[in-house]
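Please go over the structures that come below.
Below are two complexes that have subunit A in common, paired first with subunit B and then with subunit C.
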Partner chain A sequence: MEIFRFILAALLIAGGLFVAIVACKGMFKFRFVLNRMHAAALCDTLSIMLVLMGLVVACGFNLVSLKLFLIIVFLWFASPVSSHLLALLEVTINEHLHEQCDMTEAKRLCKEKQVDLSEVKKDLAEEEKEAANGK
Partner chain B sequence: MSKPRKDYEELKSVRFRRFIQGEREISTEVSMEEFQRQMDKEHEEDERLTYNYLNRPNVEMDPQADAKRFAEITGMKRFHKVYVFMAFVLCICIIGLLIYNVAYMPNYGSADAPTNNEVSEKYLEDGQADTGVVNMVTGMILQYRAFDTFGETHVLFIATCAVMILLFLKGKDEENAPHDPELDPEPDMILQTVARFLVPLVMIFGIYILLNGHLSPGGGFSGGAVMGAGLILYNAAFGFTKTGRFFNEKVYDILKVGSLALYAMIITYCLFTGANDIASIVPLGKVGAILSSGLILPINILVGVEVACTMYAFYALFRKGGF
Partner chain C sequence: MNLANAYHVLYIAAIIVLTLLLFFCLIRAIKGPEVTDRIVATNMMGTMIIMIICVLALMLDESYLLDVALIYAMISFLAVVVLTKVYTGVYKEKKQGGKK
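Coming up: the complex of A and B.
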């Protein structure tokens, strides 16, 4: 019984390390921020969960494993949200986003919600002009 | 205007008081046209300066000439090289002194070293009986070296004061008004949903660390940092208007100054009783209970409040320049 538990824990931790290594490789291999962020978010969620689950299995069910489980829950809440906010910032401030990634899906969504990107751009340009004239 | 009143208003003290209060005396002798002319003149002057600035000669500054001008302005013309040389010598001297002092330190792991002598033994053996804590680190920093921790808390207080001096914007005129709700970023729904769930957890965890400082690893500094992070998360999700309902400048002032003042009073009491060999009236209690170890628990709470306020103040000041 003990040996099975050990093997299960070892497999989980090894899987987590594998995912972490893949994520590290991805972080340096990709060129653009959003792709790299995808890799980093993978490391934050899946690999840490696998490693911590391995530790939970290894130490059995007691107060320590409950705390480890709470850490997993916290990370699974916090990490994707922080990645989402970072990606949102990138999309907001990056002017050359359409050169770096495929925006067809975003355009389709805009059409469905009847948001015209060109109109938004026109409005922004007019506002800029007004601001320049005012000064 | 009656004569006594006019006399009164021409008194120097009255004028001075008005000047202090910021009331500008509007002279009725200056006509509106003259005033307009003056304003136009100032405006022209401004425009001329701006024009000169925008059309300034775009010449690459010669570094030698630049240095010469700098020397002329600062008056460091003659002794420039001497200053550089002296700075170099001073640096070398300080480095040499420090290295010389290192030579006098005991060898790593030697039996005479202060880390291995009776001081740490005394802390570990008598610590629980002296202070009534389970976590000896807390007992060290809040009982044996309480004065040192008091200084650290002051450092936090002074740091926020310095940041406030530099970044605090008082909302008197519209240009400097710190809060414009329209300029706040649009609240993100995902962040709000998660924050609604996470903020209470983070705060409870911070309070747990804070109150368990004498029983388990933790204490005022770490617990306060977690609580400050919870406040920052709430602010990032819901904005300054909602945070201001329970944590505004007034609350901040009361918490920050109040906790430091209470801490000072407790420390004074501890020093007084310790120096005069009087037994403290606060009982140490049963070792391991949550309400034990005398004054360490209140000190932990005060330090935690101080740290949480510091964290949040830094965030708020750097983001908006106010609370």
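Coming up: the complex of A and C.
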């Protein structure tokens, strides 16, 4: 029974290390930071979950495994927030963003939004005119 | 082979692999052309260090090291938040200075 527990723990830890290796390779393979962020998020979530689950299997259910669970939960909440902040920083700082990555979809969405915004603006202008005529 | 020995070998192997990956991340953090690359690489290094601390805690059978890992996770998240805010502020200040 103990040997099966060891094999399960070893498999989980090996899987986590494999995901970490893939994430590290992705950091060198991609050329642009927003692509690299995609690879880095892999290490932040899946890799740490597999490794810490392997440790939980190895040590059994006690206070130690509760702390390991807490670390996993905290990182799963923190990682998307930090990724969002980093992407926001990149979009704010980088002035050559449209040359470095394909933004046709974003441009299409912006155009759709502009149409909507102009309609909203028209409505607002008409309301203002009506208010002025009323006075 | 004794089972305790096997666990020891497993933990040592995991720590060695994670340390090698840590060095590759360090290379990325030094090479990274933009400031965002460096922050992403540093964040990833922090995650790997958390994994190393957790493995070490079970290897040495010292459960207080897990508290250290939890605090490390919080501080590395705080570092990312503060750095992004600081660099956004620096960029906006520079832009306003250019306009004047």
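In this section, the second predicted complex is superposed on the first by the 109 of 135 C-alpha atoms of A that agree within 3 Å, B and C clash if a C-alpha of one lies under 4 Å from a C-alpha of the other, contacts with A are read in each partner's own complex, and residues count from 1 in each chain.
Note that a residue touches a chain if its C-beta (ideal position, glycine included) is under 8 Å from a C-beta of that chain, and two chains touch if they have at least 3 such contacts.
The structure displayed is predicted, hence computed values, not measured ones.
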item	value
Superposition on subunit A - do subunit B and subunit C clash or fit	fit
Per-residue contact with subunit A, leading partner among subunit C and subunit B	C
Touching partner for A:78 - first (subunit B), second (subunit C), both, neither	both
Touching partner for A:59 - first (subunit B), second (subunit C), both, neither	second
Touching partner for A:86 - first (subunit B), second (subunit C), both, neither	second
Partner chain(s) touched by A:11 [first = subunit B, second = subunit C, both, neither]	neither
Which of subunit B and subunit C A:2 touches, first, second, both or neither	second
Contacts of A:48 with subunit B and subunit C, given as first, second, both or neither	second
Least Cα gap, in Å, left between subunit B and subunit C after the two complexes are fitted on chain A	6
Intersection of subunit A interface sets (partners subunit B, subunit C)	74, 78, 81, 85, 88
Complex interface listing, subunit C residues touching subunit A	3, 6-7, 10, 14, 17-18, 21, 24-25, 28, 32, 34-37, 39-41, 43-44, 47-48, 50-51, 54-55, 57-58, 63, 66-67, 69-70, 73-74, 77, 80-81, 84, 87-88, 91
Partner subunit C, residues of subunit A touching it in the complex	2-3, 6, 9-10, 13, 16-17, 20-21, 23-24, 27-28, 33, 36-37, 40, 43-44, 47-48, 51-52, 55, 58-59, 63-64, 67-68, 70-71, 74-75, 78, 81-82, 85-86, 88-90, 92-94
Residues of subunit A touching subunit B in the complex	74, 77-78, 81, 84-85, 88
Of all residues in subunit B, those that touch subunit A in their complex	188, 190-191, 194, 197-198, 201
